[in-house]
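Chains: A, B and C, in written order; residue numbering restarts at 1 for each.
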């Protein structure tokens, strides 16, 4: 990820000449006091808002709280044992995996596809891109309610349109076999604009000369895509894919608000399991244990992902 | 050449088709919000209403404290942006202009914060904040919003600051400026698009938050919009779908307006960030 | 290259910093809250209907007129959240002054010993006036810890015009009920414009457990925890109830698995379903959206189940005022508020906020003409409610549906974990057999309660 600016910084010697303050500047750059002062406020905030609750949550996952406000009772690995022995954990883990993989795939495909399409246009590109941003801007709550309304079997517009066109319309959210696909679809709809924006920005930075050279070499459309566009996009897609993967794995509200994990647990993901454990059953220890496990999984997957890519290079 | 023009037109048609398909459900929302009961729940659904009514909007303000929720959401969003910029601007500057041990670790830690599911941070945060008597308060909610706003801001601003070459700052120093002046006159103006983009994204993230508001805000007077809208379906006081759609419209408009007005910065900002990563 | 002036860091920067700090300071100030000799009494309930809120505010004004240093602050949570909020607030040391709590959760609080005795207030209002069962819910070790205020109920509403058309009669048993529901679905489907027999809240919400599961479990004569607190979920009667819900679901709209509170109501009002299990609030909803239906609907009590102990019963929530333990001054003010709230005129206004939906927990009010004299009572729907309420009070126990054994803190836990709802979904939406679902449900309950 090093760029021109980075190399300048690494060289890092202050430029010669300059009168007043030169000594001050040198001293300042070598002293670690200034960066410390600059980092302290955010560091404290991060520590207090994230690190401390994180460790507290970790701590809770080794305890049992019979009632909210009661004293935690140390139970060692009992919460984890119970969690991993339950079949709903594995069921929800599978759901979460399917949800994450499906959402990321569809988001990337839609985002890249539409970015390529818009990139070829000469007119109206900016306007169309702006319009395609809409799903990302609408608040999650509104998206959830909107899609529940629009997919409603009795008065929803989409089943009506589909049946008018002769396309069979299943119970999108009520049928356990379709619910997950629908939730994936809605999530992809919500988040593909992010991919679209990033990819389009990247594409705009690709010098046209590369395409021209490829065309001169006799490369057709698909080959140009494969050998020019894709390598340029690779870096961005890797990062975006990872980010979206993490986000989707952790997603709570954009599944909960649509189906609450139903029907019959068909869309119950690990974050939802944690939420129910903590705020419905008030079993804070169990909820914290789910959180710890999810965190561990994400860490492991991220490390594996990055390592795989490093070796590929 | 005609073939070129034809292909361009075809692509345009495809693109417009995509936009229609994607935005159609969103357009359905305001359409539904002005329909009367009969048109809303007719089977088969009617696209064009027989009569138009605004009573759902009136109901929204009369039967729910919608005005209050609006104010709450706005206050929280502004405060979140202010606080996160205040904390992350210096941090981003330090991370890009200095070398010191632990620099990469700090940046990685900020990213690490994102890996922890928010729903699990919510549990201990709830306990901590309630004990500090910050439950059901603006301050408490803004603090919880820092969990996603702060890492995000630090990370984005770091990318934007990186894109501003140190050379330019050094040139300013040559001219006798202090470091602070260098920041003010060189770095900030050049990364303005990025800072604006960060601010907008942060504002939208805060505006849209459901989880922390649901857990922390308990009284009518303190609810934010996403929470209030979600509760519209779970209330036994039977709020109808027309009102829910009206609520959706009103909640979405500010977010859309923000993005539309700042579209420029967002795209510019993303572009710089993406290119420089 | 930019021109750099040598003036000190601009005033602009300081102004901006000041604004930012000002915003933060403002928030902090807001967060800290008001200080002084002011006392704030929080009144927490789930009654967010504007008329109900207005009724509370009216009494709040009356109290504030008497005590200028007191502010009464109505607060709301959904019924599902109410218990959690109360418990959390008590645990954090900042309990609300007054909570309108419904029965099972109230019992939970009773067992935690965090409530103030209310015998003095109950005596003041007239102990004999309260329905005995209402008082018994809030009683522990001979002391009463709550003032019963509202009784809600659920009955089966049906389209009387469709009944007439297809020659159907009000059902008194499950079998008749299912037959009516199925007949309407099949016949209307044949005619081309299907009206589904019944709308069911099969989604994951409290409606699934309250209005659906409990109605049929109790009308089959059992409870999921018995008087001694043993788990009685895996019983033939509960299995029968689950099986029956499955049969009903066959005549419900296809995406009933997404239905929560609102949807069966909407479907009924839109004319897409012929039955709905709900309370009196239906009438207010119809009044607002489709007033003509008020003359085309009637109601019967939830039919008896097939088991030997089957009886008419329905979910009803008894809601009463409780006062968590707090300072003597606040307690006195809280009790004064409740006394005002339950004084005749205020009580009538409070109950009539949603007419014929809130029934009184006191005989004097329940038997007064004033209470029943509302415009809705002259509609066919209203007359049905009046008829059923007077029939049911003594004969069918509408006002006293289930044994005290059911009312304990453990039931709250089971309901909040949505275990019964899961069982319903497994049977009605999934492919699990009722017997299997009952067995699994029992296992889960045992695990939850640590039995």
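Going forward, contacts are C-beta pairs under 8 Å (C-beta built on N, C-alpha and C of every residue); 3 or more make two chains touch, one makes a residue touch a chain.
If you're wondering where the values come from, they're calculated on a predicted model, not measured in any experiment.
For the pairs A-C and B-C, the larger set of C-beta contacts lies at B-C. With respect to chain B, maximal separation of chain centres occurs for C (centres as means of Cα atoms). Remark: chain A and chain B have CA centroids separated by 15 Å (rounded to whole angstrom). With centres taken as mean Cα positions, chain C sits 38 Å from chain A. A separation of 35 Å divides the Cα centre of chain B from that of chain C. Contact with two or more other chains is made by residues 88, 92, 205, 270, 272 of chain C.
Contact with two or more other chains is made by residues 154-155, 279 of chain A.
Within chain B, the positions touching two or more other chains are listed as 41-43, 86, 171, 176, 178, 233, 241. Interface residues of chain B facing chain C in the complex, by the touch rule stated above, are 37, 41-43, 62-63, 75, 78-79, 82-83, 85-86, 130-131, 133-135, 137-140, 142, 168, 171-172, 175-178, 180-182, 184-186, 218-220, 231, 233-241.
In the complex of the two chains, the chain B residues touching chain A come out as 8, 11-12, 14-16, 18-19, 22-23, 25-26, 28-29, 32, 40-45, 47, 86-88, 90-91, 93-100, 103, 106, 109-110, 113-125, 127-128, 143-144, 146-147, 150-151, 154, 162-167, 170-171, 173-174, 176, 178-179, 204, 207-208, 210-211, 215, 225-226, 229-230, 232-233, 241, 244-245, 247-248, 251-252, 255-256, 259-260, 263, 266-267, 270-271, 274-277. Chain C makes touch with chain A in their complex at residues 84, 87-88, 90-92, 112, 202-205, 253-258, 267, 270, 272, 413, 416-418, 422, 425-426, 429-430, 448. Note for the complex: chain A touches chain B at residues 1, 3-6, 8-10, 12, 14-15, 17-21, 25, 28-29, 32, 34-35, 37-39, 41-43, 45-46, 49-50, 52-54, 56-57, 60, 114, 117-118, 120-124, 126, 128-135, 137-142, 144-147, 149-150, 154-158, 160, 189, 197-198, 201-202, 204-205, 235-236, 239, 246-247, 249-250, 252-253, 257, 270-271, 274-275, 278-279, 284, 287-288, 290-292, 294-295, 298-299, 302.
By the touch rule above, chain A contacts chain C in their complex via residues 67-69, 148, 152-155, 171-176, 259-265, 276, 279-282.
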